[in-house]
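Next up: the structures, one after another.
Look for subunit A in each of the two complexes below; its partner is subunit B in the first and subunit C in the second.
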Partner chain A sequence: MAKEIERAGFPVAHICTVTPISKTVGANRIIPAIAIPHPLGDPSLDPANDKKLRREIVENALHALTTDVTEQTIFEE
Partner chain B sequence: MKLVLGYFSIEDIQFAEEPRLEDGVLFVDEAALSAEVLADERLRAAHFEIARPGESVRIIPVKDVIQPRVKVEGGGEMFPGMASNVDVVGSGTTYVLEGMSVVTVGPIVGFQEGVIDMSGPGEVYSPFSQLNNLVLVVEPAEGVTPQEYEQAVRLAGLKTAMNVAELVRELTPERIEEFEHLNIVESSRKYPDLPRVAYVQMLQSQGLLHDTYVYGVDAKRILPTLISPTETMDGAIVSGNCVSACDKNTTYHHLNNPVIADLYKAHGETLNFVGMVITNENVYLADKIRSSNHTAELCSYLGLDGVIISQEGFGNPDTDLIMNCTKIEDKGIKTVIITDEYAGRDGKSQSLADASPKANAVVTGGNANMLVEIPPLDKVIGSSGYINVIAGGSAGSLKADGAIEAEIQVYTGATNELGFNKMSAR
Partner chain C sequence: MEKFKVVHYINQFFGQIGGEEMATHPPEKRSGPVGPGLGLTAQFKGEAEIVATIICGDGYYNENMDSAAAAIVEMVREEQPDVFVAGPAFNAGRYGVACGAICKAVKDALQIPVLTGMYEENPGVDMYGKEIYIVSTRDSAAGMRSALPVIGKLLLKLARGERIGASVEEGYFSQGIRVNFFEEKRGSTRAVEMLVKKLADEPFVTEYPMPSFDRVDPMPAIKDLSTANIAIVTSGGIVPHGNPDRIESSSASKYGEYSIEGVADLVVGEWETAHGGYDPTAANHDADCVVPVDVLRDMEQEGIIGKLNPYFYSTVGNGTAVASSKQFAAEMAQKLIEQNVSAVILTST
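On to the complex of A and B.
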């Protein structure tokens, strides 16, 4: 999906846990997620901290979308 | 460490009030075995059925397959830390009931578990169709969580296998085999000129019905470690997983690991089988990096020339596999990886989720997505409706006449990544 949407002219930020797979399949903006069963949050955290974590991931993805890249890039926080 | 395996060939299983082994026929007391299973209050009902090779029987949903074994000499009992006290196993003498297994069946935990067809075109997809199967069918008590239920069934299967194997404790086996595991100094002195080869076994460790246990420890909590191959023959590794049943290692697989068997055959002849490393396949990227780092360090520490790596499962564990492969190769050690493929029903998609040019020697167990149509069988042990929800099946997989249309993914052991199955292609 990431490759096809980019081919249509839109930048894509791929949020995923196993970033090496994202690199292998050719995503350009890669945002590390938390874990395979719960990529966008951490159920072991209390709700307030979980929300904070979730917001950070989304903000990191938005930051990636607006950043020019010249090669496949992993956006570590 | 030296282990002697003594084999008894089981030609048939029958129910009887007096349990015994007589002329290759195993007589088991169903009432006594069921009573032992039902001592666990997490299970509401239990009964046994017998499924023999060639019978028109489908077993679904299969959770685990276990070969009955009993330790008659040496430390510990079978399945240490899980179904018996924690003790080091892998030496002494263990008796094996060949040609049979205990199969555990019961309502599914989620969308998992597998199928064994005892005859018909589905027979070739599960190697367990060739065994006399003592099938334990259970139902969970009300209010029991999926986690408790899974654990209760797992223990019930292991304990049943141990109880059955007790019948041969005082008998004399038909044939024996010896397996010796020398320490690294001794094996280096004994075989100074042979290539040093080890086995890296990856263990599925991703949560409920995706877990494996080592001496009772959940494998997601281990760091990669050395283990004697003979320990695995005594049940040091126990399966707690069967999701996408085609490429999960049942406890039977762990007890009869063909990679270990073949390395032992070559040991002292064409190679020095130095030892074995077990590692996990966790759901956090940091765990994958840490475990593959540690696995490569252990291989380097052993001064190896070559490593065989077997994967368990597919998808994100493909990354664990490729990390293990590339990091071991980077130590100057040659690798061969054993995996399977999810290449789509037409076989045209990318087979693995991850890849590397360093993975240049690959053995595959086949394409799990291959779609098959299997006519109905006369009898179902368990419940055939689950075919519509287990991995590899989909809504409509079960036809009105009892036939099934599903991916071979549903068959227990169909694309096993230890090379256990016998399917091949030209």
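On to the complex of A and C.
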């Protein structure tokens, strides 16, 4: 899906937990996530810190979308 | 004659520990065969035995790849087996990645033959198929009966140290290794035969398949975030409560388009996940942990992004065919173009 959407002309930030799969399949901007069932959150945190964690990941994704890349790149925090 | 000793790796589901709610189960070892190991043992005809079975949750393995591999390698080492086998994983993505990764780790650390089995679209094939033997199976556990004889036969050959035949003969995925041998017919004859078949629209098998490099060039970065329209797409199956489009929990045949106009937060009871294959507790409780509407709405209010696109797109990535995913995404992309979207955040579970 990442490739088909990018093929249509959009930069795509792929937020996922198992980044090696994303790299194998061919996403260009890869953003590591927290866990498979909750990529953008951690239910063990209180709601405020859970949302803060989510915001950090989204900020990283937006950073990726505003960064030019020439090859597949994993944006570690 | 002493039997060959085999250690078998399976996930929490085949280990009869539980479904997705047990995917976080850490590795444990049991003596003897468990689950599919019983059927596999029947293939050995007394020549080999499963001395131990290691069971590990798919979520646990994938989220703790290095430490899980290290722990499991030690469990395997204690048994001093002749062969290590994992799965088969069919089209279960995380299980396939775990099977491929642990086989490679055991092979590297203990220098014993290893093998596993999975479906051709399992990401584990692309990731590990060049380094280990992966038997080609069907896409679901309904293919267990046809998979086990192929795995059992290859396992015994590996245990005996016999020469392993070509991938097409033995039923594993090609490792890209070429072996010299004498063909009966010379090259020009074979080429003309292939050409004649091709012209007659008859099936033929190429001797030199072209590698497929399916890569897409990265699109340029967005210049100004404060005027950008950001859209969310997910394979995590987030849908309005009740799943109005009835998106399937696995092997999805469709995707949904959902309005989030005026929605500040995906609250429990209004949104949920249709996705099978992962524990839905967190996503059902707060779907923002898959589709981050709350923080993107905040950032829209703060002027950091121009706007959050009023629609998001969702399908279920569980065992869904690559061809379906391509089609869904191509259709979504057309709609995103019409909605003047600048960039896409794609989330996966």
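Here is the rule we use: the second predicted complex is superposed on the first by the 77 of 77 C-alpha atoms of A that agree within 3 Å, B and C clash if a C-alpha of one lies under 4 Å from a C-alpha of the other, contacts with A are read in each partner's own complex, and residues count from 1 in each chain.
Assume contacts are C-beta pairs under 8 Å (C-beta built on N, C-alpha and C of every residue); 3 or more make two chains touch, one makes a residue touch a chain.
All values reported here derive from a predicted model rather than from experimental measurement.
Q: Specify the outcome, clash or fit, for subunit B and subunit C once both structures are aligned onto subunit A.
A: clash
Q: Scan A:Ala2 for contacts with subunit B and subunit C and give back first, second, both or neither.
A: Second partner only, subunit C.
Q: More subunit A residues touched by subunit B or by subunit C?
A: Comparing subunit B with subunit C, the partner touching more subunit A residues is C.
Q: With both complexes superposed on chain A, which partner does A:Thr24 reach: first (subunit B), second (subunit C), both or neither?
A: Both subunit B and subunit C are touched by A:Thr24.
Q: Output check: A:Pro32 vs subunit B and subunit C. Expected answer is one of first, second, both, neither. What do you get?
A: Only subunit B; A:Pro32 stays clear of subunit C.
Q: Just name the clashing stretch of subunit C against subunit B, choosing from 26-34, 260-268 or 278-286.
A: Superposition on chain A puts subunit B right on top of 26-34.
Q: Please identify the positions on subunit A that touch both subunit B and subunit C, taking each partner from its own complex.
A: 17-18, 20-21, 24-25, 35-37
Q: Looking at the complex, which residues from subunit A come into contact with subunit C?
A: 1-18, 20-22, 24-29, 33, 35-41, 43, 50-51, 54-55, 57-58, 61-62, 65-72
Q: Of all residues in subunit B, which touch subunit A in the complex?
A: For this pair, the touching residues of subunit B are 206-207, 283-285, 288, 316, 318-319, 322-323, 350, 353-355.
Q: Considering only the defined contacts, which subunit C positions touch subunit A in the complex?
A: 20, 23, 59, 62-63, 93-94, 97, 123, 126-127, 214-223, 225, 228, 230, 233, 235-236, 278-283, 285-286, 288-290, 292, 294-296, 298-299, 304-305, 315, 325-326, 328-330, 332-334, 336-337, 341-349
Q: Help me check something: in the complex, which residues belonging to subunit A touch subunit B?
A: Interface residues on subunit A, with respect to subunit B: 17-21, 24-25, 32, 34-37.
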